[in-house]
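Below you'll find a set of structures to go through.
Both complexes below contain chain A, partnered by chain B and then by chain C.
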Partner chain A sequence: MKYHINISVKDGVLDPEMETLHRLLKRSGVKGIRKLNHTQRFEIDFEEGYDEATAGRIADAVARDVLANPEIHDWTIEKA
Partner chain B sequence: MNRQRAKIAIIDFHGTLCERDCFAAFEDFKEFDPYLIASDYDRFPGQVDAVVVPGGFSYGDYIRPGAMARTAAITRALVEEAEKGTPILGICNGFQILCEIRLLPGILLKNQDGRFICRDVALKVVARRNAFLKHVEQDVLRVPIAHKYGQYYASPETLESLKANDQIALQYCDADVRTTDEANPNGSAEHIAGVTNKTGNVLGMMPHPERRTLAWSLGQDGRRMLESLVAFREFARASGL
Partner chain C sequence: MKRLIDQILSAHQKEALLRGLGREPTYAELAMVSAMWSEHCGYTHSRHFLKQLPREAAHVLAGPGENAGIIRVSDDLAIAFKIESHNHPSAVVPYQGAATGVGGILRDIFTMGAEPVALMNSLHFDIRAPRGKRIAEHVVDGIADYGNCTGIPTVAGEYSSYPWYVDNPLVNVVCVGMLKPKQVLKASTAQPGDLVLYFGNKTGRDGTGGAIFASLNLTDNTREQKSAVQVADPFMGKLIMQATLELIRRGIPSAMQDMGAAGITCSTSEIAYKSGLGIEVDLDAVPVRAPGITAEEILLSESQERMLATVPPDRKHLAEEILNRYPLDYAWVGVINDSFDMTVHCDGDEAASMPLDLLVDGCPVEDYSSLTPERLREGRDRSVDLTGIAGLTPRASDAVSETPSLNDLLNTYQNTSHYASTRFIYEQFDYEINQRTIGGPGDDHTLLFDPESKRAIALTVHARSPWTLQHAYRGTRAVLAAAFRRSIAAGAYPLGLSNCLNFPSPEREETVIDFGGTTLAMTEFCNTMEIPVTGGNVSFYNESDVGAIAPTPVFVMVGKSFLGPDRYRYTGGTGTLYLVGAPRLQAGDLYAVWRLQRDGTLQEAQVPEVDFEREHELGMALLRLYDEHAEACGVYDVGKGGLFKRLVEQFARPDRDILLAHGLPWRPEDLLFGEGPCTYLVFVPSKSSVDVQAHLAAFEVAEIARIAFGRGYLRGDMLDDLDLKPFRRKADESLEPFLSDDLTI
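And then the complex of A and B:
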């Protein structure tokens, strides 16, 4: 059973990497981009024998406690 | 005089680098008995009078600086010490760790200009609620920073509550103690270089006071913070705490 955790930077939080990429793209002549965002996707592959409820709970805890920081991140969890 | 020395636990996470600098800084005081403890231990060996979480690159900064420390065995014991009111000092990566394990509010983002910065900064001592700052008489401390992820960030609501509770401990400032944008090396919100938790016993700061403590150091301003802890302990003992 696999779960995907998608983590993105909240609106209003500066993402220096994306800002830099945006600036460089503009400088190199790419037009029309208002804003660049990026999302990290983690995949959790569970061992055999885990039911959906337990696996979902573990994925949720891993996302909330380690992979994301609620101060700056939004995240979604989906069963793959 | 047969005075008991304060036990200072210095936590060594995998990838921590500044534990020996911290050890040397504390060892230079007759009042302190520092020891290193690996983060794989799930408890401190006996008495703990203060805890230091030093700088470095714990877990290779994987995920985010400090994020993986949440999974370390010692972390639960560290949180328990914080709840007991034990003075805790997190320096640089130690500050990032304290934020990531939610002992301190906010988070440290990549510096505004995206670069690693290593130079001396001036720090305005804003609030003295923490044991490491309580008895610092100077209004400005000069100590170095060395970080790539030092831009303090917190939501507007969190920043408001930091101000309301006197949790902003240190701010980057210029020679005239003005907190200007030019004196802010990394774009930190409210020029924040260090914050405390609500009760004041946990202090996190990006600059490295331990690098300005010994006689041969380029300065001794960091030493003032350790002297403050000595004074704080004596105060605590005198008042029977």
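And then the complex of A and C:
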């Protein structure tokens, strides 16, 4: 059983990486970009024998407590 | 509008605003006023006391009110330094809060034209609680990352862990910069006709209302106010620093101010007001990051890494040339005029137009003249009653007067994080970048050496909350004297004092009495010692649902040191130890820690009574000793952890014994763990012929111990032989074991 966790920077929170990339693109002559966003995707592959409810709960906890910073990030969890 | 104004301003403030304007304010005006009149910018509860602090001295090149204080050390060297708190942001998002705190304090320094050369910090948590532990780790990471990315070393740190910081950590960061005295650039030197230059990061919604946010108590609800958190961008910070320093070096801006609390509103209005002029700001020209951002949001945004400068029109192209080269986003967002008003345009319309003295200086401040110095000196003795202080659960104990045995004290010493090495904190920081540091964090003295002017600068940062909790006035006097002793031990008479006053809500009278007591103690100290206050920061509302913090004034002292790279450092020889002064166990930090752990109170703990004149005389005598014999003896202050901590950290060696003299007039508990006024430890190596007792003839000096060949023990007739090796290991081991955290999902 696989779960995907997608983590992105909340709307309105500064994303220094994307701002830097945006500046670089502008300087290289790329026009027309209003804003850049990025999403990080994690894939969790569970061992055999885990039921959906348990696996989902673990994925949820991993996302909230370890991978994402709830103050800065939004995240979604989907079963692959 | 009517409802909004009542929500944002007090009745008092509303009346002052309506009277000053002669009409209803616009939304933009209300936004500006809400920020400038908040506790954070308006100093409503503190101004009465702060204005009494002595700030004048011939060597002060910039004092309170500027971005940072600057003192002249010599004809070719001046030092800019300032301390600032980032407590509330760090409580909510520890990593970003601490990192943006570092960014902010760096900007304060380079805005004045000084090159930041060192960072220090004063960090206070409760690491016994899981939440406090997590905050501590993230704060340390945030500070380390920002400092390391910008290449500014963290050279000293101070750390404590007490229950009252459980929900309200204190994150106070100090930056020190060097410059030539003639390079000083202020915010008060703009000229009519100058253009207003904005450069650095774009303006987004992050931190909107942050300045107001800092003036609210932390409740679970505010912990959810996520948009109020700014994100740091240290590489942008570094670029801005370099660009700013180049602009100033080439004499382009006429005045400069960084955008900190209350962002554009505060920087534009203050630069104009301090210059005695007016300003017109065009919000449509401000580079924005968030689509659809409103005028009020732009005015209050606290996006990081943004600067404001005024530039005479004929130098506009020079500024653009430099900023394009870095490259940095910039915009011309207004013009300085001689109207004494601030006018803001947005979408082509006038969104605000109000007198600057009303905006910057018109906030009604509390008048506390009924609190006389006598009343403040009396203060409140809280050694017994600690109601309302976070994390304390006094246990009814019939045996409270019981005194701890030497073994109790040794156990407490060994098993609390207080006396562990702070290496955990500083090892994450690059502290040797630029090779300016002599010694370093954890070393007893923090000295910066300027190779160009060949001068050493001593830095001290100090706070002692158990003392200031027991009695704000007497406690603050004791902290100031302790910080002074640290500076003397580092070979320097302090040239300036900066402070960060961390207190609970000023809306309660006891906080005001405490705050007044602290500032009164500072005034007395500065007057007696002739040390000016060069700047500072007030952080109120450090309290949450679980209670308030102990009043925690943090002091920074900077001085020109007699010590250079060739100063004496103990490396393992034999010699004699002298103790100046008379330590008492109950005045020491360890006693407070023991009592807190055992009974949840500070009962029987004491605040040392200090005499500033006496401290001054002794300090001068020790500086004369250093002046003549800096290479031949070492002076150490007896601070937190008492004499024992000094012995363990500085002198314990596996092949040496420390032999206490016979017939010393103290109990071992007092001698080893006590503290007191005018206490120092002086070490004279065997091969040196310095006569300490002759140098300090007017003071209580006792030969307390000899260091001889041996096996790492402390021996004497007052105690059983004590193996120092485990203590030494613990001292080296640092904080990590206290912070190790089991991740539970």
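The working rule: the second predicted complex is superposed on the first by the 80 of 80 C-alpha atoms of A that agree within 3 Å, B and C clash if a C-alpha of one lies under 4 Å from a C-alpha of the other, contacts with A are read in each partner's own complex, and residues count from 1 in each chain.
What we mean here is this: a residue touches a chain if its C-beta (ideal position, glycine included) is under 8 Å from a C-beta of that chain, and two chains touch if they have at least 3 such contacts.
For clarity, every value in this text was computed on a predicted model and none was experimentally measured.
Student: A:P16 contacts which: chain B (first), chain C (second), both, neither?
Tutor: Touch partners of A:P16: chain B and chain C.
Student: Touch test for A:R34: chain B only (first), chain C only (second), both, or neither?
Tutor: second
Student: Of chain B and chain C, which one touches more residues of chain A?
Tutor: Between chain B and chain C, the winner on chain A residue contacts is C.
Student: Return first, second, both or neither, reflecting whether A:L67 touches chain B, chain C, both chains, or no partner chain.
Tutor: So A:L67 only meets chain B here.
Student: Name the contact category of A:I58: first (chain B only), second (chain C only), both, or neither.
Tutor: second
Student: Just which bits of chain A does chain B share with chain C as contact spots?
Tutor: Overlap of chain B and chain C footprints on chain A: residues 13-14, 16, 20, 65-66, 69, 71-72.
Student: Flag every residue of chain A that touches chain C in the complex, lowest number first.
Tutor: So the residues of chain A touching chain C come out as 10, 12-16, 19-20, 23, 27, 34-35, 58, 61-62, 65-66, 69-72.
Student: If we count contacts the way the header does, which residues on chain B are in touch with chain A in the complex?
Tutor: 63-64, 67-68, 70-71, 99-100, 105-107, 109-114, 151, 153-155, 158, 187
Student: Given the complex with chain A, which residues does chain C contribute to the contact?
Tutor: Residues of chain C touching chain A: 92-93, 95-96, 201-202, 204-206, 226-227, 229-233, 235-236, 289-291, 303-304, 327, 329, 743, 745.
Student: Can you check the complex and tell me which residues of chain A touch chain B?
Tutor: Counting only chain A, the residues touching chain B are 13-14, 16-17, 20, 65-67, 69, 71-72.
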